[in-house]
């Protein structure tokens, strides 16, 4: 923060960037165009990494609505991702693999899966409504273990340890699978096609959440986070709002789950464990609590960093061939990841978005100091 | 317990970009009672925070020198300041809401220099001053009424057996009777030799208690001197003592005319 | 101010508190308290610390449940209704200990006050439907009006936490006004203000009553303030009502002097 | 019947180990309101030091060094990370502890490699036989240790100002400072203590009937989460009771899983969480935790 | 975007040095093989040994001039048993390696199964789950867990007095490994009128006291454990201590020589057996003893366990396939797959393999070994490699 304070520049910049956001618009546009052409150049690994990041971003936005904006700590996010992923398989699956499947059109299955995740959130929200802070957090952890138990034991629904094949998504006659599709002499496989689907979903989800956060519901959510009693007295139906947010965030998680499933092409129970939930928490904290951009930045950081580190692990400094006793590439990658987590929390208390923050929120953020008092 | 002198020399403080104090100098002679008057945002609380080294908790920072009993306090930590025997009643009570009244008082005694006996005595003292604190010993402090919390905040400070007492609006939210009792307490403690620096909106009360008074306005000392002479100055009478009740009624009447009128809200979708 | 009262009688009902009792583990905070707030008047509730004033407010605003007794606002029974329902009936309050989120801007806090008057839901806000945008703009305008009226317009963009105590109090008052209340509950609105700040705030409150014609219940330890503003006063002590009547009458009531004011009246 | 008692006994003895771990969570939470995800790594650190030293300097000295070492690591975490954090959000700090955990666990597992390290404890695989029942000496030791330590902390919190200082510091740092409380020292102490406790817990996690310390040992910390929570995150008694509840639940759920097949097999890990949720529904702050009561 | 680097230019099957057809991952100088392993996750112990053994093989093969005049090159990716990293690793390596000499994590192999079938790259998973069988590109080396378990129980019945009507305890991991093994014991049970007492556990369970109590209550006459080494050690230790003195036999993955360093050792030596698809590295047959010697030389700090054997076998098998593909002048992916399909009655030094049938594991035989402090590699053979009749008749 202090770095912002030493120079009053942000203050000066504030009104301009707010009123006629000329330069920034172009930056955004350029970035977006770049995203559009990437599939023509990047190899599958990168596209897949990108898709993981997009899915993560969608899920993180959902968690940020719940934890960042409404102050309900959730470690059960992975559960709702699982509901989305497996829900999609169950709705879309044709039962050919001997697993329960309704054989619905995949787009409908996707919608239903997201809905299902929402319902799951709604069912849990009464419990959530009674709990606070760390207690809520660990209670939601129970969801993870319930989820894992079901995933491993409800064989004919989940396929048990082996997971389920994910029916490729198809809409308007276009199927998002590896079936050859040449675009400008570039073969479009699953990754290439899904890339655009991912972009669309992320953009839509991001804009929607932003609208919510900046509008009336967002203010009510923050009020619940900051002072629940006052929120009620100001006319906010607290219980209903907390439930609603839980449902909404679960639906985001569900959507992320569907997208992930489509990228993986097979759902595996191991994936939806506690580590995943913690990673999502890490995303919103690292990116910045309570904002959409924070969620997205954090998601990209947390989900890309390990992949990049692993990929270039052999060329990391002071790593040595496995077995020669030194630091193995995998270990080096983990060290860096852990260090990055700590560093960001310590040196960017507001999250990565603070780096790029131009809005006055960021520059005149002093009263975060007074925050201690209302605790 | 023996008081000691506090000397503040061109102390400036700011919260990031916000300047809250501009080279303020002030003295609290040994065993004296000094009051600081000032409107909202004048910087009174900031001044006390700067002395007790707690500005950092509000994202603020200070320059200038503060000496207590000859020792420099600037550049030390809050705990050192307490160790020197300075004790502050913070603005807005700040009781430990989740702890019992009893534990709040125990917490107050943590920085105390006295032995067990001294602490026990202090506790008895506090209980006889504010009997309700004895009755509610095991109630969660956060559940006390506003005034009861204020009593607790003051009582907690007394537990430390300080040499210099910094009071930030001790009468805030207290019923007249209780305010009077606090006043008596301050007077008594002061008479026992404890120096007192009193920030108080209830200027009438403050000026009665203090020998010397300073007036802060937007971070600067604009007036200072003997309390009684200040109390006589009409600037202070108007701004801080308010007007006597007779023309108050009239004043209220005028007020309605003065201020901009708020129109009703008709929703026109 | 009978004229304004008359003008508002039809849409501002009376508040009737009957035999209101609130018990906490081993302690009776309110003991069969009765009082009535006539439409369009300022009714002061005073009493020693811990007498039960804020508890009374907490019941009126639905934060506490009454152990027994009734609170009627016009035709509606309020006891047992959740806070947001009560807010929807047009009852707004301020808090004795500040309840302003320190990091949110004053403007956002005031807009929160508009919650009950606005409709935009998750979908409308998420999709930025035109009516949502229009609503937002309209209410921001009103927020500005109210802020100007209270005198904190220039602080709208600041985070509430950075304002001095006194201004935060005013911000809370403004937030309550933003609910366009028919009944306004003020818990020690001028605590921590200098004399002339108190006078200004008093003027604001008087202005509210006169220009909006709403009822106001005022809890305050500053007798000068009470004398200036109140049309009638109820005095509580240890949860019991020990006096009720006009300010002048109450001020000279020996019981009140003994329990509350004390012989030498300290407060300005 | 005897099976039931045997399972119960086993549950109690496992539970006391969980209680020790939970106590570690509680101490740090009391003092800083941070949920410490790095506790697993503290376990591993303590156990590792003990395991590598016991050959050269004997078991008891090794254990002491292990405790000291883990305490040191805890203190280091506080000093290098927790203290440097400038914000106020406790859940953010919790994330930092995740980072710390990754760092430490990676390093320790690298050192441990593929080995299974014995800690050279004096109890070996000796068991005490009471009629049809058998209980390992290590378990009795664990139970005694847990009981002893937890009582010690109860007393410490009740009769010294340490507990008050901790809670004050955790609830409102500024005001705590105004009371002359050395914030840094309080949390440093808490972290060191938590480290020491972790080392003790690690000992009992790596003695009979488990073969020894290896890279996966730290996973046991997970099981202490429900223990700490259902007891009440800020309650010492809670840690003990919570630990026992979790231990017993797990033991019974496992022992009788063939009678519970309709719930699917392998309930052992899940059951404690279900119990926890059930308890939280009735007591949102755990069995002994301080309730969130707010007024305005 | 026609200029895109990805624009199609099919280069499959152009002839290279020595008139050998090649496509992905093979140049005139090198043959690239992928290794997707776990050296930082739950199977790190396995992954480390397997990988080091394979690196050893490559070193030796290259020292002898490589294969088909080309040097072998391993590209190692450590996925830490994280599905996302595993799938990413496959996507990254697949475009530039000929095949995969190692792929730990059968769920992940299953996850990319479809793509493997389209990519046609040969994958040798380090997992012995029957769920992996059936693809001609994914070939399981040695008997699967179910077969392994069947042979184990066969051993119990023939030599440890387990008989019709007895109760048999089975402690198994949740997941492919345990549940596939369970399929084996269930089959044996119905064949021989045994009753299986199931005890499912998770990798986080380290203390088998409760399980033992339950099995004791059920009155089992023998126990099979399909879990990790820790669980086995704990199970055996507790059983011994609480007087449940029945034979206990585990799958290959349920033993590591490191256990002999712990105080579980005596009990293990007394009552524990392991059923493995291959000779133990400690065996004094010339294959094992050479590998043991070389490995110890190359990695003095690391212990000899069955992972080394598994890794070596996989590498050598891949090498054999390459050699034969080379003779057929076809080092394309299809060429290598075809070559492997032709391998029969081939002994890599630890057991005989037959790769002609993709729907069956390359071998049905199991060796029964027991922990043995004295022996190199911490285990000695109790029953030589043998295919039980049940294993022959077993149909999945």
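Here the chain labels run A, B, C, D and E in written order, and each chain numbers its own residues starting at 1.
Definition applied: a residue touches a chain if its C-beta (ideal position, glycine included) is under 8 Å from a C-beta of that chain, and two chains touch if they have at least 3 such contacts.
Chains and their UniProt names: A, D = Branched-chain amino acid transport system permease protein; B, C = Branched-chain amino acid transport system ATP-binding protein.
Everything numeric here is computed off the predicted structure, so don't read it as measured data.
Common neighbours of subunit C and subunit E, by the contact definition above: A, D. On a Cα centroid basis, the chain most remote from subunit A in this structure is B. Ranking all chains by how far their C-alpha centres lie from the centre of subunit C, first place goes to E. Each chain gets a centre from the mean of its Cα atoms; for subunit D and subunit E, those two points are 36 Å apart. In this assembly, the C-alpha centroid of subunit A lies 31 Å from the C-alpha centroid of subunit D. Centroids of subunit B and subunit C (each the mean of its C-alpha atoms) stand 27 Å apart.
Rounded to a whole number, the gap between the C-alpha centres of subunit B and subunit D is 44 angstrom. Among the residues of subunit B, those touching two or more other chains are numbered 15, 18, 57-58, 92, 94, 143.
Chain contacts: subunit A has residues 1, 152, 229-230, 233, 328, 331, 334, 364, 366-373 touching two or more partner chains. Touching of two or more other chains is recorded for residues 40, 48, 174, 302 of subunit E.
For subunit A in complex with subunit D, the touching residues are 1, 67, 73, 127, 130-135, 137-139, 141-142, 145-146, 148-150, 152-154, 228-230, 233, 274, 278, 281-282, 285-286, 289, 327-328, 331, 334-335, 337-342, 345-346, 349-350, 368, 371-373, 375. Only residues 24, 47-50, 54-55, 96-98, 117, 131, 134-135, 138, 142, 145-146, 148-149, 162-167, 177, 180, 188, 191-200, 202-204, 206-208, 210-212, 221, 223-224, 227-229, 259-262, 264-268 of subunit C touch subunit B when the two sit together in their complex.
If you check the complex, the residues on subunit A that touch subunit E are 37, 40-41, 43-45, 48-49, 52, 152, 160-163, 165, 178, 182-187, 191, 264-266, 268-271, 275, 303, 306-307, 310-311, 313-314, 321-323, 325, 328-331, 333-334. On the side of subunit B, the complex with subunit C involves touching residues 15, 18, 37-42, 45, 91-93, 132, 143-151, 169, 172-180, 183, 201-205, 238-243, 245, 248-249, 251-252, 255-256, 258-265, 267-269.
Interface residues of subunit E facing subunit A in the complex, by the touch rule stated above, are 1-2, 4-8, 39-40, 48, 51-52, 55, 76-85, 87-89, 91-92, 94-95, 107-108, 110-115, 118, 131, 174-176, 179, 298-299, 301-302.
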